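A, B, C and D label the chains in the order they appear, each numbered from 1.
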Amino acid sequence: MNDHTERLQDIAHLGHVELLTPKPEESLWYFTELLGLEAVHAEGQSVYLRGYGDYATTSFKLTEAPAPGIGHVAWRTVSEAALERRAQAIAATDLGLGWSNGDFGHGRCYRFRDPDGHLMEVYYEEARYDAPEGKRSALKNQPMRYSGRGAGVRRLDHLAMLANEVGPNRAFVAQHLGLQVREQVIYQNGGFEVGAWMSTTAVHHELAYVIDAKGAHGRLHHISFWIDNREDVLRAADILSENGVFIETGPAKHNNSQAFYLYSYEPGGNRVEIYSGGYLVFAPDFQPVVWNEEERGTGVYWGGALPDSFLQYATPDVAASADETAGVTPEVPKIDPL
Amino acid sequence: MNDHTERLQDIAHLGHVELLTPKPEESLWYFTELLGLEAVHAEGQSVYLRGYGDYATTSFKLTEAPAPGIGHVAWRTVSEAALERRAQAIAATDLGLGWSNGDFGHGRCYRFRDPDGHLMEVYYEEARYDAPEGKRSALKNQPMRYSGRGAGVRRLDHLAMLANEVGPNRAFVAQHLGLQVREQVIYQNGGFEVGAWMSTTAVHHELAYVIDAKGAHGRLHHISFWIDNREDVLRAADILSENGVFIETGPAKHNNSQAFYLYSYEPGGNRVEIYSGGYLVFAPDFQPVVWNEEERGTGVYWGGALPDSFLQYATPDVAASADETAGVTPEVPKIDPL
Amino acid sequence: MNDHTERLQDIAHLGHVELLTPKPEESLWYFTELLGLEAVHAEGQSVYLRGYGDYATTSFKLTEAPAPGIGHVAWRTVSEAALERRAQAIAATDLGLGWSNGDFGHGRCYRFRDPDGHLMEVYYEEARYDAPEGKRSALKNQPMRYSGRGAGVRRLDHLAMLANEVGPNRAFVAQHLGLQVREQVIYQNGGFEVGAWMSTTAVHHELAYVIDAKGAHGRLHHISFWIDNREDVLRAADILSENGVFIETGPAKHNNSQAFYLYSYEPGGNRVEIYSGGYLVFAPDFQPVVWNEEERGTGVYWGGALPDSFLQYATPDVAASADETAGVTPEVPKIDPL
Amino acid sequence: MNDHTERLQDIAHLGHVELLTPKPEESLWYFTELLGLEAVHAEGQSVYLRGYGDYATTSFKLTEAPAPGIGHVAWRTVSEAALERRAQAIAATDLGLGWSNGDFGHGRCYRFRDPDGHLMEVYYEEARYDAPEGKRSALKNQPMRYSGRGAGVRRLDHLAMLANEVGPNRAFVAQHLGLQVREQVIYQNGGFEVGAWMSTTAVHHELAYVIDAKGAHGRLHHISFWIDNREDVLRAADILSENGVFIETGPAKHNNSQAFYLYSYEPGGNRVEIYSGGYLVFAPDFQPVVWNEEERGTGVYWGGALPDSFLQYATPDVAASADETAGVTPEVPKIDPL
């Protein structure tokens, strides 16, 4: 554990995320006009987008579907060799699905599911964004011109998924993708893992698993886009408000991650975070920060609490599960994922 | 080059920096009262400090000396084994100096010089900061209480050193420490390397080498501390101004690194940067951004130029070198290190 | 109404406020160390303070008392003649109390009560702050050095008082002090005035009256200090949190006034706001903005709601009034003063 | 001087400004797409614009003309009676021009010139902005929806005009418009008035007169638009940079006014400021702050200097005047208007 050289380093970073929406046009408006993402390609039922700071051609795929939710989560490996290693290791579990020919913006990928059922893939070959005339930045080191449109989010940052059980999913992505745990919320004297926040880079977390209060599987809590300054988050709140978008909570500061957040629902129903701040992790022997009930409190640093919807709503929305209905999980504590 | 798994990953990050000052009391006042660093220990002619966000007990050592300048630059390895590997590899060059028993806050280290003569060391064992009562943060994941004192810098970020020649030094730290090049300024159709910005983490740069306009060796251009928001940098400028500290340039935005900067001289004469923004690097196959004369311009993104002192002054200050006097280096272009 | 020349302009601005506290030492710590006010004088049971941007020697008096609450509210007139006019006009009502010899920082004043019983005074002669050596700003146009201590509030901005009935108090200060109504919250089809926000300057409001949910008299909802940037408000929230101060609500944005707010309780029990943003009023024929139940909503622009305490708690704290106990005022709607 | 009631209060505030441009389409693009102003009307060679926070229908008129410069400066009175008084008083000087029927957005006005020749007018009747469907804000107290387009300036703030002599112009607007002096730069032991900053409201200045270094008449130094936060100014600098607009100087902080500024040239050649911060003036007996050579320094608070163009360039641009050519004004010091 202390020897970083033994740490699996095949995954470079969270590569891209596919989001499902039953309202593709309205969702596209939200992401391009309000968040300020750039649409770079359309194909089939999907539009491919990017933040002005993403180096890849696309980091975000928006796909029409009957219900909102997560399409898939893609991880870029550090090399072709690393991709092979990951594919082989995952294929040896019962969660591997097989190779795919890739998609717009990236090459072949190996697809699999996490224990909770979320679809994932690993890939290496990535099309670096080459800004066309008119989209080039005055800054040579910036992949694309800052348009100033909408909130102007810079890049995909992370996502949080719900899981019927946190532990097995956390363990799976730690073992097979090399994600390191940054923070955990564990209640009941260590007996109940409410959530785990994990990353392969210095960024606080790229993926979080949080317990699904409704006992369902494969759901999304939120995806999150980075913006450079807290003032940008405040400005984003004005833009969302002027456009009639439901702000669920924020802008405010989490204690977990220290990040400054703003959660709204895009028209398709998915929860989207605009995110800034937090802290970077550099220590090779970083010890996860574990919060119990008392320490975690409401999860809101400056006081107040997250609304019930934040703890109950996810996509796709589901009715209470049979278990829940049967009273099997009444002891599930209030949870507050990032 | 494309295979990240082959990349040397023995160094985790820039660990700490020692700064020399002929005015230890005034310098200490500057760093603690104006920048907001915390002094955690004093020993001999040195005081050991930290930012509230540094996980190590100390990231910055301030030592009395006849002249200002850099004392040494320390890199933390990812493990003991990595430390051994680095020591052996460097010992095989003619730049190794040998093992030292360590210092307050960290264990044994292997010392060496870079080709330009700057003193460096690698170490692994580090004392994680354990905040005493009264210094603990309300945030469990924050190593220390945010005091709100002075500018309130969060952590050590990077340093920029001058070198008689950039290339050999860049190559040395790439080979032996695994630093990756992020940006370069190369003039004269590739014939003259003005500077190189390098890192081992997702942070834009931890170390820069910039040509020494005076042809000297072993000098420091600046050390830099991170602050979370650009507004904090503006506020810092007010604090420095109210305290009569010379602001050399900024707050403004570099094109190289995209960072928002503020440079002042601490009382001992060293240039210190308060720094925020910039961009993180995640691509395993990141291609260094190279700027030529025209692209680089003044180095200031929004217009204007860096003052002459920024290009000429470094610590220790030196008279024109013999070479310079002899007219050997009149072709040295104006340089603008970060 | 449309003819501004007919408008009473005898009052220049809100001059100073006296706050009562049962915990004078702790309160003083809060105002000087956390908010960053400067103590300039102590006399009897009082300490006199100022923000670095206040032009007067003191804008805020903190006085030991058995219970928290408002001591008095002082208005500066535009001239001695205006002071005489105001004194005569108020003396002609049954609310005048008579002349006083003044206090530290200002000359004679005429004291009176508003209909709800809050103590007020008008005065003209004011001691402009003359910063002693060591407190002078590097900016000639800034009355005092920006210390950077704590949140660093700039100046007294406004206060909000509760009243058993809003209308008579609003009318009194409009008639006798020339305060103009900026915004009102009126429920029940115009039948129930929940609050009125008023000013004599371009600043959005210097004084608000809000209905006292407990049917009491003479109480304070909050006093408010201005800070220049919203980022400063966010930073203040960190400082308050690190010092264990209860943050009641915010940072967030009101719809009424558009201001960015942060409410905490000082140790003596009084609610204090750190405030930035909002809008200035220049129109000579400005029409008050009136909000009904639906328009007002929760009073929080970006969503969420103010906590019950914000609507129920004021200083001095009182048990339910006899009227309330008797069920006379059950129809009092939820109120949300700024 | 001390008796505020004697102060002329016929003028409520700076009402609107007309700017001349030889490149109307490009200028319109700059003001709407980059600054974020809203075009509300077009007529003849003019387009009428507004900031989202301006209460009037229009605060800014952009008119095609052979050369850039100021068209006219309009002051709103507090009433019709005040308008009559102002018209009569000015008519009694030799600078009155007579009544005009008004223009889009306002009623009849009385036109005149200041001693330096700039065209001005006073008016009372103003069309309050009534936002059409789709432009209404979610905030009832905000005249128009915040679009988030471009820099998103809120409102017209002030303008600075050059004058062959400052004193007579300052005296004229003080006497006839009631503008109060806030700050002055006076060199040569009181012998040479470089500039005067004046206002009728709590806002630091609505109008500045600065000496014309070229000895010309009737020229404009800059017009200035307010934005709420310094972060917005920094963001504006990115937007201007990405759009190839020349940034002359800033973002930085003036010592005079304490304001945070960013100056660029709109395509027609006029200098435009994006402005935030500064301080409000409430004292009825405010004493102007006067800066001499040493105190004024470069005019830039945090160090550095304003570029020569800032001191030399104005619109319309002129060749050196005969006087200047003849060497009559070589003693004109470097000037640095806000």
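The rule is short, and it goes like this: a residue touches a chain if its C-beta (ideal position, glycine included) is under 8 Å from a C-beta of that chain, and two chains touch if they have at least 3 such contacts.
Since this is a predicted model, take the numbers as computed values, not measurements.
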Most remote chain w.r.t. Chain C, using mean C-alpha positions, is B
Check: interface with higher C-beta contact count, A-C vs C-D, is C-D
Rounded to the nearest Å, the gap between Cα centres of chain A and chain D is 47
Distance in whole angstrom between the CA centres of chain A and chain C is 44
Averaging C-alpha coordinates per chain, one finds the centres of chain C and chain D separated by a number of Å equal to 33
Touching at least 2 other chains, the residues of chain A are 138-139, 229-231, 238, 241, 301
The answer for chain B against chain A in the complex is residues 2-7, 9-10, 12-13, 53, 55-56, 76-82, 126, 128, 138-142, 183, 201-203, 228-231, 255-258, 277, 279-280, 282-284, 286-287, 289, 291, 295, 301
The chain D residues in contact with chain A across the complex are 137-139, 145-151, 229, 231-232, 235, 238-239, 241-242, 244
In the complex, chain A touches chain C at residues 230-231, 234, 237-238, 240-241, 246-253, 260, 262, 301-304, 307
